[in-house]
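Same chain, two partners: chain A is paired with chain B first, then with chain C.
Entry: the complex of A and B
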């Protein structure tokens, strides 16, 4: 039962994120647009590039969707309202998100097109930049909660949300999350201006529909993870738990979508340099600070 | 719920995704099929086939980062179990991991000084 409810919530969340993204990109708020675009995608021609690596080409979008869905599976909406409450939930989230890289490389390699391949390799560089900044803040969160279970992590924030407890980790995690979901200003693999769609360039029809859906699922998963790790998940007054999670998730997703629209796109080289020189130093400092605070203060 | 049941659910989700994708493809097929026309299947490159082959050896200019990434990724494998028992172990855990992280961070600084942290 809870599985069906979570999947339903995910579907609604994806739709809302699609509406917001349309709003952020086109500047017009339309509740119908995502449905129309989805139908239009299904109605379009499905073209297979000339000499593709068929296996990689077909697997890319599917793997991306699997990665997104599996990471949603460990995010709690409310106590008991979670698909699988794994004891290693936070680690599982990482493991699932690692497949985003594999899916993008597959989609880049598959069609045997120059732009797609450049996008794929670029994402590999982007992965090396963001990967550490996803896992290190999560470690600091787990240190406070004394558990990797996402439910325990939410419960550990009853006294004080992690966004206040470890703000450095929060900022790093959100920036890295933009990288995972290739949202602007870190949308290197699809790079609107210079790559003609990049890894998405050769996908049409139903394959592109699956790809876009998978990307929406990943955005929802990442904002859900941000809420779980830093905004106290379902904790909040007056409203029922699931409503708080939903509200916070939508708010974080909307913030992530709007934030990057006002910044120039980062080059891969700059992104790598900033994340390794500044980001990793800050992430290690964050782990140390949280370690000291966790020993001194009982909350 | 037992661990096995949870992983069975996750496997079920994966299979479900396959089902969803197959039904979307079937739906697209019912709506209409694409017409085979010459040159429609050329990959996007201003309308012509790309001059050079695409599947070639690629100069990964970020290889310095990639090597450091391996070291840091291994380190994370130790960090997760450590993070869970951190508060139980207390100061000892902080010092143990502090020394480890300090050595690793010195490694990062050394790599930086040797120019590993730039595009080359």
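Entry: the complex of A and C
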């Protein structure tokens, strides 16, 4: 039952995220647009590029979707309303998101096209930048909760949300999350004006529809993870728990989709340099600070 | 009900009808020849409710915005072939667009025409997106044919099978595209099958698996060693592709190491040598004997010419793997090649990878990867429309850049002198006003009639208005390339409002334009993104003109010598750092300056050809266009323009691309190229 409910919530979440993305990209707010676009996309021809690596080409979008769904599985909508409450939920989330990289490289390699291939390898570089920064802030979150279970992590924030408790970790996690979902300004693998679609460039029709759906699932999963780790999940007054989670998730997703569009696309080497030289130092400092605070102040 | 020219095959069912209606409301256009040209011709694609895509694969409308040259139509036919069905063409005063099918909707070249054309297109989609029978489309540029070539001598090409006249080997077949054969630019990606993307298009229907037959050559198989030439199979056409042997790469380094008495060496560290087996002190790998190296070493590599047995060449393949022949020092022994014992009928270096890779460009970083020629034009989003650009990529760094323009050809010889301004203005959609002014000035210099001071300042104001519009248009393209969608929309909207505005209108819009310039300067991280990219020193700026030269600190501006501008109080602005950020700052500053000049001029007037015109004479004029100084030489004969010679800033700026982008990361190279604001139109007129 809870699986069905979570998937339903996920579908609604994806739709809303698509509405926000259309708003951010085209400057027009339309509740109907994503449905129309999806239908139009399904009616289009699916073109197979010349001499593709067929296995990689076909697997890329599906693997991306699977990675997104797996990471949603450990995000609690409300107490008990979770697909699987793993004891190592936070770690599982990382493991699932690791397949995003594999899917993008497959999609980049598969079509045998220059733009796609450069896009795929660019994402490999991007992965090196964000990989540590997605794990290290979660470490600090788990330290406070004394558990890797996502449900426990939410409960640990009853007195104070982690966004206040460990703001450095929050900022680092969001920047890394933008990298995982290749959202602007870190959309290097697709890079609109500079790579002509990149890894998406050769997908058409239903394959492209699957790809875009998978991307939305990943955005929702990462927003849900941000809410779980930093915004106290379902915790909140007046409304039922699931409503709080849903509201917060959509708000975080909307912020992630829109804010980055006011920045120019980052230079890859700059993203790598900042992530490693500054980001990892800050992440270590964050772990240390959270450790000290957790020892001294019982909240 | 009419059927779309690019309808998708399928029976018309209720579901398909629904899908067709959804498509009609979700039109995505690929704009030919480019968004900048469309904007300059008065079209605001986004405002018309049309979503502009970056790749033809995601589009269902091909928007041809105004007249295009035959070369561009041919490139557009490749784009059309890549678009998934159902697809349609909207042509706005595009003229003859064959070999593209007849447009599904047409209109006048204006925003009204675009909106009306889109309405027609929506109706056409609802009724004709699917059809029982559909016509095939084959882009002529994509048709391929078989030719035969020698695996060792790529310059030997024959229409029929046979033997190589140089070495006697059996020729192997390969496929070439029609476009490649004609040497048409923009399609370089086609030749050979690494081809890839962009233009590799094709009606690659789901069912067309006939192509799978080519799979054999796409990996690296076929490169290991040279025994067995099947490996070559002609599929990797590239005479200038040094990539062929990378797989055998490092393991054969030893073959090439300098001759020393040592007999064991590390496969990864050729400088490590030992006279007994063991492991490498640097990486721990087992040392390998380099006996083979010794054998070949003495005779120099000249001996290769005489090898009868291909078996021995496994080791030679390693030479290719070396990549940079200079990098390891010690290749002096190659000098021995000169004294190769010539075998009658067989060239020296026959079968030698040294011979094959000698003189070929190699990566300066020493890594050997397969190089790819990828087209980034003529319709690349974020670069000027019509700009032909092919980048040779080594991984994601640029090793070579080739820029070309799509010239519109010289004016017809019997062109009446009074029609010259119109003809020149039609040459470049990006700077029509400046070219018209230039033509009028040249005609005035022939006839000796000078405009009055008021007329001169009003005409200068018209040029300045075009400068502001041109810089805003460029800004929209830069925004597209860097992913700043708000800036793209805003700059495009301001550009539309300004391009034909009068002085009052401009005065009203000026605060918004200045505010935009300020907001661009304050955009977080933009400076970080552009600083240091494509830097040109003052010494490297010789010969270049316009904002690019002024951004290096060089005060070259044709306006400084113009009395009309002296009256308006013009002073040349410059920047110092000479990089992409300086070019952006320079253009933003010029936008403000031009708005001031227009305000001081107080009136805007378009130039008219002077009358009466002398029947014969010689004239010359120059003008600071938005991109730099352009010069026009004109000789009139019998009342018509006998000789017209136009020099635009394009050639000087395009020459910067190659040295500027060398070894740059792809995204940075594209930023650098965009920052030059190349106008590929109206060259060589």
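Rule of thumb we're sticking to: the second predicted complex is superposed on the first by the 299 of 299 C-alpha atoms of A that agree within 3 Å, B and C clash if a C-alpha of one lies under 4 Å from a C-alpha of the other, contacts with A are read in each partner's own complex, and residues count from 1 in each chain.
Simple rule for what comes next: a residue touches a chain if its C-beta (ideal position, glycine included) is under 8 Å from a C-beta of that chain, and two chains touch if they have at least 3 such contacts.
This is a predicted model, so every value here is computed, not measured.
Colleague: Applying the touch criterion given at the start, work out whether A:36 contacts chain B, chain C, both or neither, answering first, second, both or neither.
Modeller: second
Colleague: Give one of first, second, both or neither to describe whether A:208 is in contact with chain B, with chain C, with both, or with none.
Modeller: Second partner only, chain C.
Colleague: Using the superposition on chain A described above, determine whether A:185 touches chain B (first), chain C (second), both, or neither.
Modeller: Only chain C is touched by A:185; chain B is not.
Colleague: After lining up the shared chain so the two structures overlap, which partner does A:230 touch, if you call chain B first and chain C second: first, second, both or neither?
Modeller: After superposition on chain A, A:230 lies in contact with neither partner.
Colleague: In the superposed arrangement, does A:20 touch chain B (first), chain C (second), both or neither?
Modeller: neither
Colleague: On the A-aligned overlay, A:284 touches which partner chain: chain B = first, chain C = second, or both, or neither?
Modeller: first
Colleague: After lining up the shared chain so the two structures overlap, which partner does A:194 touch, if you call chain B first and chain C second: first, second, both or neither?
Modeller: Second partner only.
Colleague: Once the shared chain is lined up, is A:262 touching chain B (first), chain C (second), both, or neither of them?
Modeller: second
Colleague: Between chain B and chain C, whom does A:115 touch in the aligned arrangement: first, second, both, or neither?
Modeller: both
Colleague: Which chain A residues contact chain B in one complex and chain C in the other?
Modeller: Looking at chain A, the two contact sets intersect at 42-43, 45-50, 111-117, 121, 196-197, 201-202, 205, 268-269.
Colleague: Tell me, which parts of chain A touch chain C in their complex?
Modeller: 24-27, 33, 35-37, 39-40, 42-51, 111-118, 121-122, 184-185, 187-188, 191-197, 200-205, 208, 261-270
Colleague: Inside the complex, what are the residues of chain C that reach chain A?
Modeller: Checking each residue of chain C against chain A gives 8, 16, 18-20, 22-23, 25-26, 46, 51, 53-55, 57-58, 60, 82, 84-86, 129, 189, 193, 195-198, 200, 202, 204-206, 208-209, 211-212, 214-215, 218, 372, 374, 380-382, 393, 395-396, 477, 480-486, 489, 523-526, 528-529, 665-668, 670-671.
Colleague: So in the complex, the part of chain A that touches chain B is made up of which residues?
Modeller: 3, 42-43, 45-50, 61-62, 65-66, 69-70, 73, 83-87, 91, 109, 111-117, 121, 124-125, 128-129, 131-132, 135-136, 139-140, 142-143, 146-148, 196-197, 201-202, 205-206, 209-210, 268-269, 272-273, 276-277, 280-281, 284, 287-288, 291-292, 294-295
Colleague: Sort out for me which residues of chain B touch chain A in the complex.
Modeller: Chain B residues touching chain A: 1, 3, 6-7, 9-10, 13-14, 17-18, 20-21, 24-25, 27-28, 31-32, 34-35, 40-45, 49-50, 52, 54-55, 58, 60-62, 65-66, 68-69, 72-73, 76, 79-80, 83-88, 90-91, 93-94, 97-98, 101, 105, 108, 112, 117-119.
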